[in-house]
């Protein structure tokens, strides 16, 4: 009864998920791999899944009897087609973020899934699986700090390459906050505004960095997110919730407290890949367990659609400088 | 050569400053006290300054040969007249904040002092004397975190009484940030915007609480200040500076680290009076030393004027909801 | 090639390990369970391992073709016989701590394993698998704080029941430090001394609590371990290493930083079972991976023997009050 | 009614106290200065106390009508004679630590003061005036952590010069703990033991460093103090009290929290002179206020004597390696 998984896209995160299923997680194995670049599929199979079959055609993989569920880890622009095809085959699919690159495409997936009549899609937003975010949400839900009124957040990288453009601060970086804060607050965004502080001398010519995004939710909670992708000092994700009775904060990643060279100190991570490393395991195990139990509980297609809509509004706000409304239809009963 | 000080206004902070000069600080004594309420003057003299003379007329006190310098601690609305009279008498004056209640009144004091030709006024903004703010400014000035790009600040009180109105979040609370951040950054404000998050259920009917004030400076630094005067949990002043190379933060007030009842904890102050208690001593000692040395170095009348102008813009922004420009003439050479 | 595991002793930790292998870890499944109390075996199988066979005879389980390796989680006094039998069967065995209840019994296991000629035994000391201890050891090994000169440690429980006796402070509580510190320092103990501070009013009549154990190592490092099993406030494990150049400390377990009710605080765990919960997973996965790869790397029988010898000396020191030598033969080449 | 103070010994701390009285504190001035090295007296007067008279003879200074009270800041070996002479003159005396260099000499001062019939002596142990130690004692006295059972302390310096000998770890370094812990616990020492850990490679040939001193009090509280005077990383004083209900710790000196260069950090002081800089002010102001009010409340001669007796025992324990009893007579009623 081990779950048989097929993977489309054996790049960086695809290979990592293959390794995870084969060496760390319980209850699944990789039986099929496809990549537009056959070398990538080949090397993934050689390293982690000797018994898996390499498919030339991703759609053959999706249909294969040897595949119970599909993991989509190819480039974002290709997600929509693979997710729709897997839904059409009636099989569960774990799709790395983004669900699709436009809100309309996400909407099409939502429609297809509703038409199918049962949840099949889990989106690879991993922060809700992070122990820190879970503990923070548990604190909120306990009522200990009262209703949330404000959130002060930050998403900082040491530096970015020259392909990183101003809008990617939203679509690549903020997208994780857009997803996880909505989950944490159980609330919807209604507007966005973007401020540009004095630019860092460390940012490349073409890039506005840092930026501050101001969000408002349906219940009136105000969120400010500082995005600073050339902060030099570390990969640092901050989230502080100001409630009516008190304040709760995302825990810092664990580090050895040192006293040395005239300072007390704790290391900050430099590499984003280490920050949520534990969350990827929990996320994928939850998908596997969910498929086996017949009930997916992770980030759903609707949340992928909502993140896409909010991101579009933020990108518009980057250009206009104005307070930009975010309008979402009420969540269909299917997703409540 | 002990400095002889006359005090106008022997209320809460007036009595405290009298005690300070007589029992804690070096180089001065209180020789004269005036209060519109003679009981207050009487009790202050009885408790702390038996040899001081009680004046019925504040202007007689200002002119008295037994008064080298004046401390003005009466209600804000009366400050202008007393400060102008002391300048006219050619004597130094320490005036509690606000310097005056309108920007125009502050401007008149600035003009009078410049006309006199020598600095005579120190405004009672004490945060630049706080060891924490000084250490934070020293860190900025060291270049260790590079140029400041953003500031995230908070000014929180456990609760306020029913006389506290929405605009007082600016004129009574934010006013300290308006002064100290300008001093810390050595920069001027150019605009203000005010956001109203979801209101706390703990705030009274008539009060918007919390509020978020967004400021921009001439160099483009973006400042957000959360004002939350019914936060319940403590009197808490936060200031975090995000620089090009790193981040520096205002130290927390010292507290005993405890492990008890399933928690590691440190106490947060509940009473604002304790928060900057050390700073009042340093501030007034600096005034005394400055007068004796003939050179005042503390917060000057210009900084009092700038705070008033910025506060006016913030109050306008509270009503309009719009980004409101703050326009200050360049600082006169006299104040540079 | 999934590893087939047989479990002897399906009590608290036995059931937990069964659940772990079946639901969380990769590469193994439970095929056989034995317990002297058949109800325990039955309930474990019913809840977590429906396909496993229940054995009446633990030795039949050990010999079964359906068992590739054995997990011993019965009471300590029974460990020796089961471990020796598994070695005799030439199969790998994961034995919960203690390896055996006397140093002599541990010694017999060591001899049997050496005679067999290949490592078969892993002892269930899980702290070397804890992320915090690993990070602390990595800091030491990096040379960043120089050679270790002193260790200040504490092992505290909120409270213990009436069956907990004074010597159990060594054999049940300190035993984990005796193992992990030796691993961390890569050094051997040479003496022990025990001090009895003023007794806590919260400790039962018959129990000396707290106690302080002073250890010295072959390289002269001095270790003090406070054992306080009625400390009320939490389950708290501390370890601080003072090196020639600086100090490194075991990280605190992650907790949500709160500001509420006049305090900044972070929760302390009350239940020891939560403290090293992640380490059990890593430990058992390492055993499974080691067996499959043919190379065990976890805590070996020699370390189990050394812990037993050191514990005996500490118990003697509890009674004598004297500095008590700890003498260990040099580690056989087999274990280096 | 300003208090007229005479100072004997215008070296490092003598000059500092002169500056303090003339520029920082309230209610006193320096009217007389003596130093065996006339240059030191001269420079002190020139810099800080132009109106003070320089005395060639310290005993003339003590007797002078222009001296209400005496500050003794000469070398330790000369303290006894000056303190006894000031008592003989019936004047209050603030004597820097140590009160005298032997327990017998301290005892003679105690006898002389009792014979005089009224407290005249304050010893310059400043830690009880440190805000951190006061807050820690207030926590203990509040009952919040229950009765104190154990103390874990450390006294660390970055490095010491070649004149620093092994016994000075007691007489120069530990002496402050011996005084302040007795004050904090309101308890007496009954025994001492000294352990020598592995020696730091950074310590000079002739010096045992670090050392661990184990003290026991009359109520059974166990204290361990790590003394490490070549710890390299900073001047660091630690004190942790383990009580029946919880743990309280000496606060760290305030420092700016930084995020930079892959670390969160706060500076540690390198220079011991900065650590208790605020306490010296409070200590001397308390002496001045006490003299003016006719009631000294600071560290008394008996506490100076007790510290000397305990230090003698610790030095004996350094050599013997044995548990060494500390025997003090009950405190005379005069000192209770």
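Labels A, B, C and D are assigned to the chains in the order they are written; within every chain, residues are numbered from 1.
Everything below uses one rule, namely that a contact is a pair of C-beta atoms (placed from the backbone, for glycine too) under 8 Å apart; a residue touches a chain by one contact, two chains touch by 3 or more.
Everything numeric in this text was worked out from a predicted model, so none of it was measured.
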Problem set entry | Partner chains that subunit A and subunit D have in common | B, C
Seminar exercise, completed: At the largest C-alpha centroid distance from subunit A we find chain D
For this session: For C-D, find its twin among A-D, B-C or A-B: the pair where over half of the contact pairs carry the same residue numbers.
Result: A-B
Problem set entry | Whole-Å gap separating subunit B and subunit C, where each centre is the average of the chain's CA atoms | 58
Seminar exercise, completed: Cα centroid separation, subunit A vs subunit B, in Å, comes to 45
For this session: Could you give the separation in Å between the centres of subunit A and subunit C, each centre being the mean of its C-alpha atoms?
Result: 38
Seminar exercise, completed: Residues in subunit C with touches to at least two other chains are numbered 232-233, 245-247, 255, 259-261
Exercise. Which residues, counting only subunit B, touch subunit A once they are in their complex?
Worked result: 146-147, 149-150, 152, 195-202, 210, 212, 214, 219-222, 224, 226, 228, 231-233, 242, 244-247
For this session: Note which residues of subunit B are touching subunit D in the complex, please.
Result: 22-27, 131-132, 135-136, 138-139, 144-145, 245-251, 254-261, 285, 289
Problem set entry | subunit D-facing residues of subunit A, complex | 232-234, 236, 252, 259-270
